[in-house]
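What follows is subunit A paired twice: with subunit B in the first complex and subunit C in the second.
Then we have the complex of A and B:
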């Protein structure tokens, strides 16, 4: 066998060996356990803390008066956390700083800005025309969005 | 890019688009990937013409073609990696490949071509010279040569004959490999059956021939540029030969693409109306002007004329220089028309979205340009390390 071939075979063997070693370390340990993905990913997802709380067991226990307002309005089917964000921190330690209280027009506009693709049952306004100087909540109560 | 409002998003659209079609997912980096890979395959095939089919006129460009192919090959995957949302996970395509993923298998096709074909062919071609240079050059350069030769010191005629034979064998294996490499890139687009602009069995073949066209034009350009920089006289027999092959392959490429379009027009499937609007509307400039006129018709007619009427050397040199650039630009826009064009129309066939190339950012014009400049820097380093003009003359053997 010519010396070139011998040396090249060694070089390629080293390359393949390095690749296999690298693969051994770079391939996640649980890869392929259940399918073509990292098996541990399932457990990691399972272990993530649940951030949205059960509204009936938490929010309404303290904020029963607001819940009553909401229950009588068109917003009755909307979960508190849809607007106020996940409540797990606030439940553990009720502070004004760890719950979302958004006042900006754009926030209401997420659901109520005019969009031809949106279901007609949701009231929609042209954000560029409708009282553009004022915050929505200066006229509407967000928990029962008829005019104050 | 994020839209502030639906109004802004809709300002990009004409007619009806599905929500996930408004923003293009694949931008200029994905245009560059088949472009650069094509340059590699084309440059290699030009080298193979010289070696396997023994076309002596192309001899001055043999090593240059190989080194050009190699420097572009090293960069071919970079646009893809930079396009990834998580670029540092790029290696996972190799460590956890899925056999049903066209892209995962590309990693191995690429590796085969880079390691087994291109690297080996260059190695066998330069092995003897590197051994000699390791003795002639002092210091650092000598160490590099010694590492590159894998410590082989044999400079006998017998060893050179072995190099030649094995190199020839690798080239023979290399030709189908180069075809597979770029045919595969075409396949990646052609196999997307949901996209009527891409989904044609002709795609691998068209990609392959356009790759050969661009690679030959690139070598022509680089050969001229390197000769001018080195203040060396251009070998007109070689240039004319490259021009001749460029003409032949460009002609085949033009006919194949023409056949594909004629087929589309005649069959006129339900997607035809939107594609017709696409090429006459949003792709008009890049398709008819850049790809068709500048990249194909002008070079084709000029090179065709040169086969019968040969103007003076100086005029030919100038024209070859300009034509090589025209072809390179034309093939770039061919990739553009495929990649960008395929995303501009809605798969509902009822509307268009829009695309504007950013200037900065990794997906912008300047970010893309980096991947066309880096191979030239690599080539400069390779030409310094492995100068074809300092190689020992070839030996003839049975």
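Then we have the complex of A and C:
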């Protein structure tokens, strides 16, 4: 074998050895457990905190009368937290300040304002005409809004 | 007449074949290289999540967009979204207008007078959790991947913030988190799924326009949804293997 090929081979061998050593130290422990990624990343994604809590296990146990009203109304398909925001803080320490209580007309308008794009599954009102002086909740009970 | 070929004797042929096969076998045994060509089977073969969105039921309240931002600490500004709603308006002359003020959170106006509207509807959007996702293929470091149950996830501790995946996603579902400089996207609320809870966007939907489920379970609601409706996926021509199925999807939606 010519001497220059031998030297080249040695250089290659050294390079590959260095590469393997570096790879051994730089590669995260769980890399390649399930595929070309860190297996531990699955667990990390899984461990993020929950903010929208289970309604049946929380809200309903304390606010049972409101829940009962809602359950027999047209708003029964709506989760408490759709209107009141995430409940994780309030559930740990029930305060008025750590849960949202909306009262503006625009709040009900999110779902009920007239828009031809809105699916026909929902009753809509013209926000500029339907009793425009008052807040919706002065006539409609938000947990049982039907008045008739 | 048989011609003797000195260069290719049978013995030599077998010898060379043996050497090559042995070499390949040896190389495959080199364990340090395993990760790079891992062919290990996923650990949960029985779940493969898909998503169904019903345009006929969506009322465009953007409760999903709000809940997603709150649940997942998506920055309120600049305007990044993991889940948002677009209002499509198709005029009588065939013009298509799309709007999504702050992802729908700011409420919609209808710019076209009702007499000129041919068709108008809301389209909720989110990550398609593609099975052949272009975004995971371009990642140079393996920081984004399809989980064993079919959810496209990001590993923020490993992401280098190169933005290739943001460019590669044809649905605009990725953004760079301003505080960390790493990429972020819909995880189908993986942290909730694994604890048996629905994703936040689906929990708050007042009309049940959103659902998810196991595509491999023929009895799941998800499979029933696909069977019972005429469903379509976004940009099927791109062969992304999208697992987001829309009911009543119009041609105009892109």
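Definition applied: the second predicted complex is superposed on the first by the 100 of 148 C-alpha atoms of A that agree within 3 Å, B and C clash if a C-alpha of one lies under 4 Å from a C-alpha of the other, contacts with A are read in each partner's own complex, and residues count from 1 in each chain.
We take it that a residue touches a chain if its C-beta (ideal position, glycine included) is under 8 Å from a C-beta of that chain, and two chains touch if they have at least 3 such contacts.
As the structure is a computational prediction, the values presented were derived from the model and not from experiment.
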Partner chain(s) touched by A:115 [first = subunit B, second = subunit C, both, neither]: both
Which of subunit B and subunit C A:78 touches, first, second, both or neither: second
Subunit B versus subunit C as contact partner of A:2, first or second or both or neither: first
Subunit B versus subunit C as contact partner of A:51, first or second or both or neither: second
Subunit B versus subunit C as contact partner of A:23, first or second or both or neither: both
First, second, both or neither for A:41, with subunit B first and subunit C second: second
Partner chain(s) touched by A:86 [first = subunit B, second = subunit C, both, neither]: second
Subunit B versus subunit C, judged by how many residues of subunit A each one touches: C
Partner chain in contact with A:31 - subunit B first, subunit C second, else both or neither: both
Contacts on subunit A seen with subunit B and repeated with subunit C across the two complexes: 23, 27-28, 31, 36, 113, 115
Subunit A contact footprint on subunit B (complex, rising order): 5-6, 91-92, 94-96, 98, 115, 120, 123-124, 127, 150-152, 154, 159, 162-163, 166
Touching residues on subunit C, where the partner in the complex is subunit A: 32, 34-36, 38, 40, 42-43, 55-63, 66-67, 70-72, 87-89, 107-108, 110, 114, 117, 120-122, 142-148, 153-155, 157-158, 187, 190-192, 194-195, 197, 200, 203-209
Residues of subunit A touching subunit C in the complex: 20, 23-24, 27-28, 31-38, 41-42, 44-52, 54, 77-79, 81-82, 85-86, 106, 109-111, 113, 115-119, 121-122
Interface residues, subunit A side, partner subunit B - complex: 2-5, 7-8, 10-12, 15, 19, 22-23, 26-28, 31, 36, 113, 115, 127
